[in-house]
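First chain A sits with chain B, and in the next complex the same chain sits with chain C.
After this line comes the complex of A and B, so read on.
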């Protein structure tokens, strides 16, 4: 609490508060207040409409923890999706970034095409891929007879979650590629040059010279990848609706069903609160683990 | 610095002045209760709007003291309601989603329309789901029928001479169609809600046949896993065996078009399958019959229910000035005259008119006149008992029936998971 010492406070220009106040007011109005309001509603039986909802104490939380199997099952799908997406998108994006870091004339065009899926709306992507992996695949199977097109990409419960993750990787590669490309281009040229003079080349240069400089980008990208995957909703929902038979029901889709389909807002918000706790824990662990690898300046 | 302060002071003074003016104007509006009345009106769901807008225009022409402001609710009425409630922006008259009626009544946001002339013309299956404590809270404008929609020509081509009335006959018909190279059931498993309805409309019939059963489930005395429900999943198994293997690739509208194009002989669904099906073939020889889910023909009924209906809401203006209600009710009555209900029916191309369910429709597809025949024969049932159960049942039905259809869970799990959802929500 040293920062609260009178001598420290006196040093702050009053103008500081004047400039910070509007943003702080917006932050309180649109983030802190709704979050606290949500926390309160998670202890009620609010159904989204009735105004005289009741305080039910920890009932919602107890039901979720002790009896709601579908909620905990949806974590399994979320973990699979998160792992496949995070590892996949980082591997693909890093590879693409390395390939595009060679200074070819085609690089800017390639970057544009690789980034393009990232600007598309998730619902558009989900709908288009539902068609491609669904009816279009069936049509191609009839046309070519190839077994590849006979696979139930979105109708087989064992495969659907991987299909959704693959589409998310296709969609997200451009964004992650930019992070890696920026990191690659910020590596000091003299370090690379010195390594080259010392006889380093190819993979050796990448592992021993470039990769240590990239850990910061890897750490950020892994963190963004995990949070993005955990937050993924629109793409999966528009592609599979959480089906078939709940095979792609992630935690967010489960919360959506509880809140909007089942009209149990209080219960759904309680699920959200538990998800926040899980996300905070994962975030803290991840920062701790990858933070060690970053280059200290 | 001084100039900046001065400019900021002038700007702040202007803001205050504008706010005060706006506030004063608001007060002036609220105070003018005796002047022209503005009725804010959500003119319906999707294709209802052109007809209701025309009706509102006619009413304004005949009543210069009333201004009807049409409010666009977009395509998701449920969501729009939540936005209106959150912002205390309820309109005066709106299409009310049936599932929201109990909460709106409990919150005293929806007024009874029991005494409106149109309420006395409602048939029970349209009235019951929107009746709470003996009061009717909305007037369904359309009648939905859920059953076995079939293609007469394809039945004939497969040598099926009689519409199946039992599950065994349905199985025999499906086999005959397969032998004739015709797909028995249209694929439409891509959307979970379309799957859930396979079981929901059958569960509704079991609840209808067993008075008090829905209340017993609500109180925990009965379960969906009890033997009385055992027959409900047997016909799901039958459908599963006879839909194309790639049925998950088809959303509802795709499946409807598939049926409309004559690629499948049957679709267990509501008559709302018809608009997309008729697009594929305007002369589609389709008819509807009760779902033969049971081997006891007496149990198999055509499910009828009133679609979303109009209701009178307690808007902020009405809360401040209840005298407005009389004017709102006058327009509400005008909206529901038989002539105007017929106008809406004609404009939407659907059956229209919960009050006109006994009517034959000369200008519409014959399938829309069939409910009248089944109603006369006592072969119809409603959904009121089913809708007593918490909404959570529907999400569970959607997920687990779809899982069953693609082979990721077995039939008993469907009922036990729906029961779990009800238990969690009780």
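After this line comes the complex of A and C, so read on.
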């Protein structure tokens, strides 16, 4: 409580407000105001156009919880996507980072290639993979006759969500690889040298010397993966639009569709509020588990 | 020694797989429609940039490029100035108010843009900010504001206070102290912010998607999406469009790879 000392309180001069007011004015107008407004609108039948919308109490929430099967199904899709993406991207990125740690010239080209998909926008990624997993795959099937290319990567409802996660892994591996590379390079050289002198090598060095240093990077990366996957919208939306038959509809796509396609704003916002509740729970969990005051993108 | 070469080669093969979709798009963007239909894998017969010219016109590339550039540059400028100023006071003046403000920022981190798409649209409509670059810029700054403040705050905590105090001695205070003396010291973290947030803004899809329906205000992802959706797409032309929208940022990445890598790891691991 040292910061509460009187001498510190006195330091808040007009200059303080000059520094913090501009950003917070924007936050009030474009975050706090919309958030509170949204909370209110979630109790109404607002459709985005008419101004004489009515207060309907908990109707929206009750209808969502009791009857909206597609909304809850979209949580299932989001969970599958999140699990596959988070575990997959971390496994691939960690493996690649360990293998690239030595850093020959060829390795730096490899790093470049693996990272490059990260700078593309989601429309490019989604549409290009729509082509690759559709037409191109069919073409390869005719060319090679391999069954692998006959799988309906995005047309089969049982498979499409895994394909979306795989594409997201392709897109994100480079990012996570860099985090792991930085963690590996932060291991003091003399620790590894000392282990080598003691006769440690290869896998032994990895398990007993390097891995303990990596745990914090792993836990950070797992949470970054989860948050990133939960917020994923553009990639899946551009690739499949939520189809086939809702098989890749994540919560965000479900909310987007029911708000803007069917113009049921109040109902859509109520869905958002329930999602926010879920996100807040995960955020609180994250802070508790990692003991970090901040969560980074 | 030999083993490490084999490992390098194996990883390179995997890395090449990561790169191959981009290569596929590049190769096919240079083919005529006829060549493309004949084989997706063959190399282009001649270096023909016709698809690029067609794509530029059909997706109104220059307009979209300009819009994206304006939004990115102005958002970043505003973001860096406002967030560093805020972080400076939050890190130096440890009063209750600073804690409250930090809590507001934290809450906006936990409630991302994605959770507020409908209220954002409604608010933008009220303020007359639909279909305007100004609207995109303001919402971008708010969406990135809290992460950026925390990044600056983490860095500022390691900048010794004595520097502020020596500035005070020289009679500088307020903004006259901050911008000439403190802000230049923050350059490493400013670089990280510019790269992380620049990439995110340049490629942002969701915010323009909900705020912009007018073609004149389309950013690159929207222009590309419209191109894919409304024209009877010729894939070769579309691929040229996809390359066009990706080339600027790929070029920037190749040019400043070190900064990118440092920016990303600093953003993820500090704090």
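Please note the rule applied: the second predicted complex is superposed on the first by the 269 of 297 C-alpha atoms of A that agree within 3 Å, B and C clash if a C-alpha of one lies under 4 Å from a C-alpha of the other, contacts with A are read in each partner's own complex, and residues count from 1 in each chain.
One rule holds in what follows: a residue touches a chain if its C-beta (ideal position, glycine included) is under 8 Å from a C-beta of that chain, and two chains touch if they have at least 3 such contacts.
If you're wondering where the values come from, they're calculated on a predicted model, not measured in any experiment.
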| item | value |
| --- | --- |
| Chain B versus chain C as contact partner of A:72, first or second or both or neither | neither |
| Touched partner set for A:48, first chain B, second chain C, both or neither | both |
| Partner chain(s) touched by A:122 [first = chain B, second = chain C, both, neither] | second |
| A:146 touches, of chain B and chain C: first, second, both or neither? | neither |
| Partner chain in contact with A:207 - chain B first, chain C second, else both or neither | neither |
| If touched residues of chain A are counted for chain B and for chain C, the larger one | C |
| Contacts of A:132 with chain B and chain C, given as first, second, both or neither | second |
| Contacts of A:242 with chain B and chain C, given as first, second, both or neither | first |
| Touched partner set for A:99, first chain B, second chain C, both or neither | second |
| Which of chain B and chain C A:37 touches, first, second, both or neither | second |
| Set intersection of chain A contacts, chain C complex versus chain B complex | 48, 135, 260 |
| Chain B to chain A touching residues, read off their complex | 78, 81-82, 85, 99-100, 103-104, 106-107, 109, 189-192, 195, 246-251, 254, 390-392, 394-396, 398-400, 402-409, 417, 420-421, 423-425 |
| Contact set on chain C toward chain A in their complex | 4-5, 7-12, 14-16, 18-19, 21-22, 24-25, 40-41, 82-83, 85-86, 88-90, 93-99, 101, 104-106, 108-112, 114-123, 127, 138-139, 141-142, 145, 147, 149-151, 154, 173-175, 178, 196, 199-200, 202-203, 205-206, 209-210, 220-222, 224-225, 228, 235, 238-239, 242, 245-246, 249-250, 252-254, 257, 260-261, 264-265, 267-271 |
| Of chain A, residues touching chain C in the complex | 2-4, 8-9, 11-12, 15-16, 18-20, 22-24, 26-27, 29-35, 37-38, 41, 48, 96, 99-100, 102, 104, 106-107, 109-124, 127-129, 131-132, 135-136, 139, 143, 170, 173-175, 178-179, 181-183, 217, 220-221, 224, 231, 233-234, 238, 252, 255-256, 259-260, 265, 268-269, 272, 275-276, 279-280, 283, 292-297 |
| Chain A to chain B touching residues, read off their complex | 47-52, 63, 67-70, 130, 134-135, 137-138, 152, 154-157, 241-247, 249, 257-258, 260-264, 267 |
